[in-house]
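Before anything else, here is the set of structures, which you'll find just below.
Each of the next two complexes has chain A plus one other chain: chain B in the first, chain C in the second.
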Partner chain A sequence: MSDTHAQSVAFVRETEIPQQPPPMLESGAVKWVRENLFSGWFNTIMTLIALYLVFKILVGAAPWFYNGVWDAGSIRECRDILAGKTGACFAVLVDRWDHLVFGFKYPQDAYWRPLIAFLLLLVAAAPALFGKYLPRKMLILTAIYPFVAFWLIWGGTLWLPVMVAASIIATAMVFRLVEGMAISTRQILAGAVGLVSGLGLAWLLFKGAGELVFIANNIGASGLSIVPYILFWAAGIFTYVCFIPMGIFVGYAIYQSAEDGGLVTIVTALFAIYFMLAYLLGPVSGTLNSIIPLELQAVPSRDMGGFMLCMILGTVCVSLSVPLGIVLALGRQSNMPLIKGVCVVFIEFVRGVPLITLLFVANVMLAYFMPPNSNFDLILRVIIMITMFSSAYIAEVIRGGLAALPKGQYEAADSLGLNYAQATRLIILPQALKISIPGIVNVAVGLFKDTTLVSVISMFDIVGMIRGPIQQSTDWISIYWEVYGFAALLFFVVCYSISQYSQWLERQLQTDHH
Partner chain B sequence: MTTLADQPVKALNGSFKLSMLLNDTRYRSLTFQFIALVAIIAFMAFVGGNLVRNLTEAGLNISYAFLGEPSGYDINQRPIEYDSQSSHGRAALVGLLNTLIVAFLACVTATIFGVIAGVLRLSNNWIVSKIMAIYVEIFRNVPVLIWILIIFSVMINVAPSPRDFRGDDPVASMMLFDSIAVTNRGVYLPKPVLGDGSFLVFGVFILSIIGIFAFRSYSRKQLFDHGRLIPTFWPSVGLFFVPAILMQLILGGPISLEYPALAGFNFRGGITILGSLIALWFALAIYTGAFIAENVRAGILAISKGQTEAAGALGLRPNRIMSLVVLPQALRVIIPPLISQYLNITKNSSLAIAVGYMDVTGTLGGITLLQTGRAIETILLLMLFYLTVSLLISFFMNIFNNRMKLQER
Partner chain C sequence: MAEAAQMQVSDEVAITIQNMNKWYGTFHVLRDIDLTVQRGERIVICGPSGSGKSTLIRCIKALEEHQAGSIEVDGTLLSSDLKNIDKIRSEVGMCFQHFNLFPHLTILENCTLAPIWVRKTPKKEAEETAMHFLPKVKIPEQADKYPGQLSGGQQQRVAIARSLCMRPRIMLFDEPTSALDPEMIKEVLDTMIELAEEGMTMLCVTHEMGFARQVANRVIFMDAGQIVEQNEPEAFFNNPQSDRTKLFLSQILGH
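Moving on to the complex of A and B:
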């Protein structure tokens, strides 16, 4: 063999070359830098520009942070300490910490209450957020939390929230009781309840019809207002015609339901909770409080402020708007034209206007629609409007989830003989909600950010505090980077963690194989 | 077994019982809707009755006559003629135009920011993609109101005041040959003044644009019919600029520029872009840009990798793959969320009230409401306006979306 090669090839290697390390340029950090930062002239230019930008930002911001003054009484003192150097004046955060977090009216000796409420929020939210890893019984904490938090933040007597919770439990017990009754007993109950609610409804409708005619006469039939005039008259006549049949029908329906017990149980429970909340709540909690006083200093709603107000609005409105959004989405999917129409008009109207206009409504317009001399809290009005606003968006997200379900799921539920409520609760919603989690979380984050808009209607949330009492005080006149940066940081931490949680949850709920 | 078969027959035979309204699925939905109708009417009666009583108690009525009365306040940015003697209706119209101006500017800018950031976030340049990720996360997770206020405060506090431009040795000076002045009250730009014959220049300009389109379609025809490749870029650029500039020179400069100049304590002449407009515009653009960047990224990622590889196999360069193969397909995924971002910009522009930019919320829902006290009328008009704009935008964008949609067979 070697002879043949000897003629044709000059040199043949007979042993293997020892392994060499790869060239410097093709390994380790150098390779990474070459591939990720300097591959080609375009990339190189971009890298250089990016590095220059980062350098500029660092050079600008580092001394600002590094020289920051943490201890000063006013912006002038701060500037004296800095003596011409660039530097932040973080002293404003120290000086006005309470204002930024709690607002300027919340009583100082009660700051521990919202703080505990916040810590409890983390505890109470955990079983709902990390349901897989915590015992199911801990959900009781989540259920108790709203009452505790209300008492801690608003103060007043503990017996009030306790009695509300007790009424809810009592109502549930009434529900169970009626459900478990013998049919003959229930028939008597259904007769009584049907009679009362039929009469009550007829009376209410009779009053309503009178009201409609009163409105129509007030509008008058001149010019353009002829249209609402006719509409209200028509509605009034309609109600006059149907108030007796409606009363009879509803009463009859409740009486009829004695056998299977659906309607009569619900109506009885409603009667029970109405009676307890309207007539028992005040006196009983008052008496209990005079026997065993368990009271915290009461704080009116208009004294809430700072980041606390944003947190209150955010948590309350998100938790209220999810169920409302589900109802709206189901209504929009319904095959009953009237209910579908109402939901579509509501959703499209709310999505078409900015939140600010709805807050204006809460601020100046809502009072006109309430009974004269009734006077309820601005914060409550704002909660109602923000909840309406976000529930429309959540409804659209959930509608997307419902539409994404294959039709077979609906048909399978039907073929199992489930009725609408069972099919929706057991088959449709669990899947649709799973699909819509990212969307719902997006809406929730957006809603939490939108709580800053209440500063426009002169409520003192964190932005309102900065723009009002802080920037306009003589001590901290027109300071902006430090305070707005702090507010931005707070929002960033909360919103970023929520969106990270949603991504984690999405991975947890993934049941298909990837 | 017999009951199962008998029941429907019985029902069909028409022995209608009242209980069927509740228990029979065929009638139950009617019952529910009837109850819903009664509930709606009852709600209207409650709300309307309260409204009427409250209004009579306050001695008010619902009337839109105030729209014709003189407003008595000034507006700092007037796209149409307006002074304090003009009516409230005209003030609302000015505000409306201001809303549309800032919304349009912010939509265009946000799209540019968003597309750039979205594409760069997918870049294989590590540092660039990380910077874009940081940009998106920071801007998405902080309320837009805070961004508007930060940018507005920076403008007020960092930009020089007009006073600084005075004197022999001024602290600040104008940019670009004394044509642009950046002050804390706003930015002053030269304003084109149309003299005699300027319509000729415009006419030539429009003709040359038509010419560009004609030339491009001609060159495409040549390419498809005869396989001849005619370069189009430089001729188009030439056609765009040269004839109009030539015409301007021949006619002796009918279109001239009016430069802003210091007069007293402020700049006069030229176009003023208010500081509040810039703050609102820039904040809305950069905030919404972060959302659009995410939409763009999602759209690009939705295009399967095979498309990129196939285009690469055909020998296209990376930037041509992006512009010819990936982006046109990604556009279909991007457009629907983009529409809702445009709607968000329009609605968020109502935050103008926080920086004193007189949009429709500031005029109609702000000063007019305070001066006339007609809360219900002004707020209803305000909602009507936003509703109309939202519906119009989604209507046109849906048409556009339908034209862009993949024609499936």
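Moving on to the complex of A and C:
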């Protein structure tokens, strides 16, 4: 080499070496198999053992599927047909299909309604999930869907969901209106809203104080219940004492807020409108229905069941807990001690309590806190509890995403003059949520599977159906593998789709490919 | 160099800082800063790390709060009043050491975001403005790419264009070339020089002494939170007065 060295030191490349394909053994399937399955003697042995195990399992399980009985009226008939052979009794799925999917009380002639609601779900979810590829206007479908689905599944008059939708649109218009007002107009408005809501709050507290005392007397002062008795009495008296100062304080705070853009004003106005409408909704929609009847057979919440119940709870709770989680995460980052404190306490409390406890509270305990004869829908109570639970987890996931953003992003947004709302919506959240996708999906998938926990508070979701009406029946007593396997399959299909979607979404949002 | 010196400086005052002090906890990071910047002036601030130069310009941009003294930008007093802060922030543009582009938005969206949302400019007009400034920083053809697909130098030039789209009257630069490869430093400096030639009021924290000689009409040397020396570039580099300045200059120019 040394004799050529002198000549090769001074060197100028004048032509470019063309790209060439890699050698055969270094590309394609051959390379993959060699690198992943047979890269050394240890891996080769492991591969062979794994192949053997897969083979054994397949051979062992195949007859169970292959001999499966699809047409039988009971587990005894199945056994007669099988005559001692190994085989599954899939007939239970055929026989009890309706129960597994809709529960055993949902009216049979209304099965088409949840089915259509499910199909519409796919249509309504598409613009939200695949926004990039569909026209933006299709989001209207997503917005309308909750009302349509509610009407289809629960039945009753169409006017009720229409009224709710109308009130939401009205609030949005009020919001726009207030936003466009001059500061001085807004101040007058804030004063009026402050006065009304101060009075309203004082009145609510006054009623609440009476309620607390009522509960205390209900519990009674005997034995161990002396503690809650005293607590409720004390709370009642405290509320009696402070309902006027609280009303004044809140009213004044709302009035003051007008100077800072009137955010609190707007929010209060919205809530006020909601409360007013909530009282009016029932009577007004009833009247409208008597003029133009648009009605489906009403199905009470108690009659919901099967996989449909899991789907209802899963979809509603996921779509509610993500926005709530965002609000909680932002609140926890807030500079304002009160907001921060409320969020921290909520998150830490809810995370520290098992979901089952919350469900029991929803089922049993809440009834104690309600005025007598009040009818607070059970599914609604469960939805509130599950949403609270998962939103606390999602809040922590999103907080992680917020913390992962470089400080420079906040500074850049500030230095361009964006205000907090704009910076959060346009700069911070899009990036933080993108980072949080795997965590949010993790919580969502867990939440969806946790919906089966409602079976412990005697709701008949798919697991409740299997444990109760199916396994306890004389026809299908002690049938396990087929029904639980089917439930597992349903959940797997949904959860796997969610996880595939999230991976696709992550790839879509990737912008840093060099 | 000569033409830079001829660039006109008006008598109008752009920034007045009086007796400004700032602490991080108990650490006294800026001490008795007095500084007046005329409109059209190009000031280079240099000094060892930790001397408070970045903090100074971040205070002007209201990214940091000062605890004593006053800062006045274009006649607006920087106080805790949000309206004043917003006014100053939208009149003063800033470029950061790490560019801080928004990675989830395209180059064009990066440039149009603030005009659309803060200035309420119609989208079309904002895009026209952006397409006016992007060629000036020599990256019009990258408008639809994402920041992650650009080199560091290109990203910093986009960051400059993004600030310019808000039509600022003053530009602040916080070590704009410190995170760049040597080959890319020049392209960013060229952009800054062009900006200076157009008469923009500029405050640059930088260690690019060549840039200071060519463009600045005043160089400020800071150490330990104080302004130690300020002078015209010729005099500052050729005849530094304080020992601390001499030591600093010998260290950064010495090799």
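In this section, the second predicted complex is superposed on the first by the 363 of 514 C-alpha atoms of A that agree within 3 Å, B and C clash if a C-alpha of one lies under 4 Å from a C-alpha of the other, contacts with A are read in each partner's own complex, and residues count from 1 in each chain.
In this section, contacts are C-beta pairs under 8 Å (C-beta built on N, C-alpha and C of every residue); 3 or more make two chains touch, one makes a residue touch a chain.
Here the structure is a predicted model, which means the values were calculated and not measured.
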Chain B versus chain C as contact partner of A:Gln422, first or second or both or neither: second
First, second, both or neither for A:Ala298, with chain B first and chain C second: neither
Chain B versus chain C as contact partner of A:Glu411, first or second or both or neither: second
First (chain B), second (chain C), both or neither touched by A:Ala403: neither
Partner chain(s) touched by A:Val361 [first = chain B, second = chain C, both, neither]: first
Chain B versus chain C as contact partner of A:Tyr496, first or second or both or neither: first
List of chain A residues in touch with chain B within their complex: 35-37, 39, 43, 46-47, 50-51, 53-54, 204-205, 208-209, 211-212, 214-215, 218, 232, 235, 238-239, 242, 246, 249, 252-253, 256-257, 335-339, 342, 349, 351-357, 360-361, 364-365, 367-372, 445, 449-450, 452-453, 455-456, 463, 466-467, 478, 480-481, 484-485, 487-488, 491-492, 495-496, 499
Contact footprint of chain A on chain B as seen in their complex: 18-19, 21-22, 29, 32-33, 36-38, 40-42, 44-57, 123-128, 131, 137-138, 140-146, 149-150, 153-154, 156-157, 347-348, 350-351, 353-354, 361, 365, 369, 375-376, 379, 382-383, 386-387, 390-391
Complex contacts: residues of chain A adjacent to chain C: 406, 408-409, 411-412, 414-419, 422, 426-427, 430-431, 434, 509, 511-514
Chain C - residues contacting chain A, complex: 61, 63, 86, 89-90, 92-94, 96, 98, 100-104, 113-114, 117-118, 146-149, 162-163, 166
